[in-house]
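Here subunit A shows up in two complexes: once beside subunit B, once beside subunit C.
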Partner chain A sequence: MAISDAYEAVIGLEVHTQLLTRSKIFCGCANEFGAAPNHNVCPVCMGMPGVLPVFNRRVLELTIRVGLATHSQISERSIFARKNYFYPDLPKGYQISQYERPLCVGGYIELPTGNGAPRRIQLARIHLEEDAGKNIHRPTASLVDFNRSGTPLLEIVSEPELRSAEEATAYLRELRSILRYLEVSDGNMEEGSFRCDANVSVRPCGATELGAKTEIKNLNSFKFVEKAIKHEIERQTAVLKAGGKIMQETHLWDPERGETRPMRSKEYAHDYRYFPEPDLPELYVPPELVEQIRAQAPEVPAARRARYARDLSLSAYEIDVLTQEREVGDYFEAMVAAGIETKAAANWTMTEVLRASNESTETFSNAVPPPAQTAALLKLVAQNEISLNAAKTAFAAMCKSGQDAATTVKALGLAQVSDEATISQVCDQVLSAEADKVAQFHAGREKLFGFFVGQVVKAMKGNANPKVVNEVLKRKLAMAGRPSPSDLPSSGA
Partner chain B sequence: MNDELFRLTINDARAALRKREISAVELTRACLERISATEPKLNAFLTVAESEALTQAQAADQRLAGTQPAPALCGIPLGIKDIFCVRGMRTTCASRILENFVPPFDATVIVRLREAGAVFLGKLNMDEFAMGSSTENSAFGPTRNPYDLARVPGGSSGGSAAAVAADECLASLGTDTGGSIRQPAALCGIVGVKPTYSRVSRYGIVAFASSLDQVGPLTKTVRDGAIMMHALAGVDPRDSTCSARPVPDYESALNGELRNLRVGVPKEFFVEGMQPAVDDAVRATLKHLEAAGATAREISLPHSQYAVATYYLIATAEASANLARYDGIRYGFRAEAEDLNELYHRTRALGFGPEVKRRIMLGTFALSSGYYDAYYLKAQRVRTLIRKDFEAAFNTCDVIVTPTSPTTAFRLGEKTQDPLQMYLSDIFTISVNLAGLPALSMPCGYDSDGLPIGLQIIGPAFGEETILRAADALERSGSIARRRPSAV
Partner chain C sequence: MPLRMAEAKISLDGVRHVARLARLALDAQEEAKLQHDLSSILEYVEKLTELELSGVEPTAQVGDAGTPMRDDVVTNEPAADAVLANAPAREGFWFKVPKIIE
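Here is the complex of A and B:
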């Protein structure tokens, strides 16, 4: 796993994720992305003199949900702390966070490893804090937008148990997937609702002590996380190999140059002077509340993967694709529940549904038809009402129009013709128009059967039921002279 | 009586207003005129809000003339310590750094007082950010004691105490973090009540030390204190540390009864170096209490000797964080600077006074890595011991009686060069804040210079009714002949 055989990497991740609450963590301002600057602010989140924080109980419920899903211990009593530092985007000059006695302690996240046992990554803690505002630098001035100030944040800290950049990315993806399954975060790295700092060190293989670490900040995409960690492991390994020493420092990832570079020590050498927040009482979590949330807990990706593997005959790859996003798996399951055969539902979801959703700028549920309508469409295929290709055409149309399956099929004239009389008439026209070829067929050019089928289907604009066309053509060609070949190829529309 | 309306107590003014013998506008004008006459000597007010006050008074008169019963403080002119955010009214905390700060919101107690119909005459002087015991730390000049203009009114609510003592307002609001209501009340010969921590909302009060700050009234009489307490106390959804306990009708607790009251007298509070007149006055009052049927016994609060040291670690630690927001970025004073660090340094260097800087540095040090355990954490442990001392004491007594301050009002400049001496003037009040208990100060005599002496009555948590009842009974007994301030 390590870059060099002689060294191994030790990686721990600190993830900050914004919570999907209606209001901020300590005031009633709206928690939303994209509002006009300094629109969602009040005296509390602006740090006016004399204001006091009031804890948003919804934040507690969402955090407990995450704690339970990651097998963490939920502290019955936890406390808030002040983390002191000066920065223009931090209105109070301190961030309300948790230090001693965080809300969730321990726990783990399991990463799928193909067919083997999942790899378990231990968590150190999950704690609550408030987000800061945002500095915007212009050539002539620096501006501050406080809309984000007071957005509820979870900090999820892993133990230093990750061993490669790939594993770190897999951990991040799994964590993001869990948060999205639980509907506590949208996990959007570009908008900053899911952010990652990485602690990276390298040590000789077999060593038990940790080497000096660097903390890498500014990792706002999965790609950057992987690249930055790889780069840092290589850099540190090279330094150690050359007999150098790793300095404990903070680096910034520079995506332009594809490298990390150290920040000035002044920029990060803080003594945060944590102390218990006197404006907020101890946070008490009644055991009943934990049990209530546990009882209503949504399924997590690992549980869904296990269930699919146990109950459905799907490949590891299919399970992986279907479970990455909760709504994709939900869609697939809804189709199965509506009577579509598992494999067909899985194939359709993995190809047509994901394609439509990926090509759309809409949210998943707005990008694709309701699963019941997709199921209705696939039933028309099963009942030979339409062809598979027609279904794909209809599905694409349904994604755009929002109309139901039956209406769409009708409107586009995709209904498959199975009526023998109609098909027989077209067959007659084709056979009489192609009398030469009929003669050649009877003379032994049996391959021409496929040609006749094709002509009929073409004449019927692709809507003929190929099975019926086959049968009718066989009959007519046999009647026209010879007994039909017993092993005529089926055309397959 | 018309020209002396400003001398009224809340209780008397309330009755006269309701009977329509006087109007709120008349009463407010009388106070405003009194302010004009006295302020050149006192400097108790930082802002006089004449037009706002008259508007409020007119509204009060309309309510008093209406058919609905008028609210509790309808038409009562009050002074507000300049630490309370009042929407649209400059709130400086007596600091350069907030010199032009106009809050866009009201503190919860201001909302309550508005609902109760009170009239706000203006904002009162104080020690900068409530840090001090003499009001000499105001960025806008000291307030003087109405009994002797060469002396301090105490602090930090010095303006609040002087204004009430000088009849500039009927009552005022103060805050008490280590004695900032009780000590100036004592030095100015009036009544000051510090409620149980959590009894009154802190929302909108510029924070000094969050775990110690508490709002309370400064009044001419104990009964007025009870009336004000009823208007101020109660749960506030904006303050998570505020108690949801129902608020009793404090006035109805004032039944004049002193019989069987068990008075604890802590031996540690009668210290060497205390002004003999203070000792004498407090002991005389104890005798009087016993004569009225109370029983006095000596108690011990062994850890109170550590109270001042403990307080100056906890209060400064909290203050160092609470005052970090004054950075020149969003509001208040901003110094010219070339870059961000210079902006911070210059804004805070020029915006804060020396005592505030001293406490920020002390608190920052106490919280620093490597010192936290030895200072802040140890102080928290001692705080617990001090609280337990009081809990044990209240097993054997109903109230604890002590001097409020070891001395009467001292001279301006007398202690400014010696912070430690200044800190010791709160030696009897500080442990009460550390324990979160209710206490009040009331006049109990005068020294040979005619300067008032304060008596402190401490109660168990939420024992406001008990201390108010005892103080009111004592006041009504007539054992203490009140003297008006001679210098105004």
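Here is the complex of A and C:
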């Protein structure tokens, strides 16, 4: 979207994601959400004097996984650094982070663009750091909980290559999807396990130099990211058009007012005096560990999209919906593997399965039946044993009861009647009850055929095989309509 | 001995800047003393430039062991009361601190 004819936006995103480890990055405290305050803490993550951090091997493995999935170069030798600042949620007065020689450099993420070639966004770096604690504010005091202090955070920094709020959101969605595919993070923005800061500047179209940027913080939903960036682009463009200057500053997004506003003066905030962490020797990354993780790397969304596009006749939209979450794609594939035709499996996954999972508070695999059972249900449709509508009813019931397809269909009396004799009997009843409409039909109101079908299906509580009903009705009406003296109108008109 | 400005490796403003970052309140005398001390430290470190180091890779550590790593297991039991025992103030299991103003 063109914000203005004369200016273009330049956006870079910094994403912090919490890693799904059991313990913290430098101590053996539990890394979990929702524990009672200050229950998962120890002298190390409380910043007591004299303690030493010891690095969690799992953190390295998860980082390498992300590095490989984003085509990054994994540094063989990496170092930690101290980032110094004072804040009550930071007990040591510094955060262990990485500055020089981060673990991953030079990767990229590809965004789907409908049917065109994917758009590639370069990454500046991916590095590790420890998270800070949490504050809550009371009218006369603030309260501090250090449970989150020292939990592992991965920071993924894009180059300033994003050009619109929509593209920034697409990048975030893709990155979140990758992290969830890799089972590295749960990507929950509301709970803060996936956080985003945006660096936004605008410049005259065609300019190669970057304008002064603002950093927007407090973006805790995809919707806010898009709104805040849009707002900031418009604000900066208006300032520049009026001949003003953009101040390099940090803004907070205020979701209630729908605008960004500068944080109180932070002229010292960016002077972090990074220096190498003396408590942690250099981090050597064993090449065989990288190769081992590469060999076990799960498929990433982009690879899955490419595979679907190559092997399956699905639209770009269908591919996008089916591949956003790994478990949704797995479900669809399991149905196809169980013998369901691609299009039918795709449709069912995109409508019934996603609806059931969205309406449920359970995890995906608890919200929906196992794919084999859903496949069994769809086979009953293909074999004309139940109607498509009956299958929808059965599926909703299966989601709640956990029972298999055959049991559910039987229990709900959804089996479709294809038996001609039974259907024929009902057709006769309907046609004799609606004798006047039958006469109108023969007089030329052929649209009434649908009405007869509807009456038969209704009389059979929706369980009649519509194909058989159609055939039987056609035959009966044709026979009844055969001209015979008694059928002829008594008065010629 | 008063320091001539030409010898100072760090300006008084520089001293005030790092003092503020370190949350140190200094009077004029202390500022002058720190300017002197910091300058002599910087001067001492500057001696390194006399060495021919163009072929030496930057290094953050001496020794060649590499950082030790631990397995991802939880080894710490919750002991919130012990953790909060020395806190000047608490509210429930929270540390209570002077109100943070953003």
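Methods note: the second predicted complex is superposed on the first by the 421 of 493 C-alpha atoms of A that agree within 3 Å, B and C clash if a C-alpha of one lies under 4 Å from a C-alpha of the other, contacts with A are read in each partner's own complex, and residues count from 1 in each chain.
In this text, a residue touches a chain if its C-beta (ideal position, glycine included) is under 8 Å from a C-beta of that chain, and two chains touch if they have at least 3 such contacts.
For clarity, every value in this text was computed on a predicted model and none was experimentally measured.
Colleague: So, A:Glu282: does it touch subunit B (first), subunit C (second), both, or neither?
Modeller: It touches subunit C, and subunit B stays clear.
Colleague: With both complexes overlaid on chain A, does A:Met263 touch subunit B (first), subunit C (second), both or neither?
Modeller: A:Met263 contacts subunit C only, not subunit B.
Colleague: Once the structures are superposed on A, label A:Lys458 by its partner contacts, choosing first (subunit B), second (subunit C), both or neither.
Modeller: Neither: A:Lys458 stays clear of subunit B and subunit C.
Colleague: Any idea whether subunit B or subunit C touches more of subunit A?
Modeller: Touched residues of subunit A are more numerous for C.
Colleague: Would you check which partner chain A:Thr21 touches, where first means subunit B only, second means subunit C only, and both and neither mean what they say?
Modeller: So A:Thr21 only meets subunit C here.
Colleague: Quick one: is A:Val144 in contact with subunit B, with subunit C, with both, or with neither? Answer first, second, both or neither.
Modeller: both
Colleague: Counting only touches as set out at the top, which of subunit B and subunit C does A:Lys400 meet: first, second, both, neither?
Modeller: Neither subunit B nor subunit C is touched by A:Lys400.
Colleague: Which holds for A:Phe55: it touches subunit B only (first), subunit C only (second), both, or neither?
Modeller: A:Phe55 sits against subunit B and subunit C alike.
Colleague: State whether A:Arg273 touches subunit B only (first), subunit C only (second), both chains, or neither.
Modeller: Touch status of A:Arg273: both partners.
Colleague: Both subunit B and subunit C touch subunit A; at which residues?
Modeller: Touching subunit B in the first complex and subunit C in the second, residues 46, 54-55, 84, 86, 88, 142, 144, 271, 273, 278, 280-281 of subunit A appear in both lists.
Colleague: Please output the residues of subunit A touching subunit C within their complex, sorted ascending.
Modeller: 21-23, 27-30, 35-42, 46, 54-60, 79-80, 84, 86-88, 100, 135-146, 263-264, 268, 271, 273, 276, 278, 280-284
Colleague: What does subunit B use to touch subunit A in their complex?
Modeller: These residues of subunit B touch subunit A: 83-85, 91, 93, 98, 101, 103-105, 107, 202-207, 209-211, 237-241, 317-318, 320-321, 323-325, 327, 329-331, 340, 344, 364, 367-369, 372, 376.
Colleague: In the complex, go through subunit A and note every residue touching subunit B.
Modeller: So the residues of subunit A in touch with subunit B come to 43, 46-55, 82, 84, 86, 88, 91-94, 142, 144, 271, 273-275, 278-281.
Colleague: In their shared complex, at which residues does subunit C touch subunit A?
Modeller: By the definition above, subunit C touches subunit A via 17, 20-21, 23, 60-61, 63, 65-76, 78, 80, 83-84, 89, 91-100, 102.
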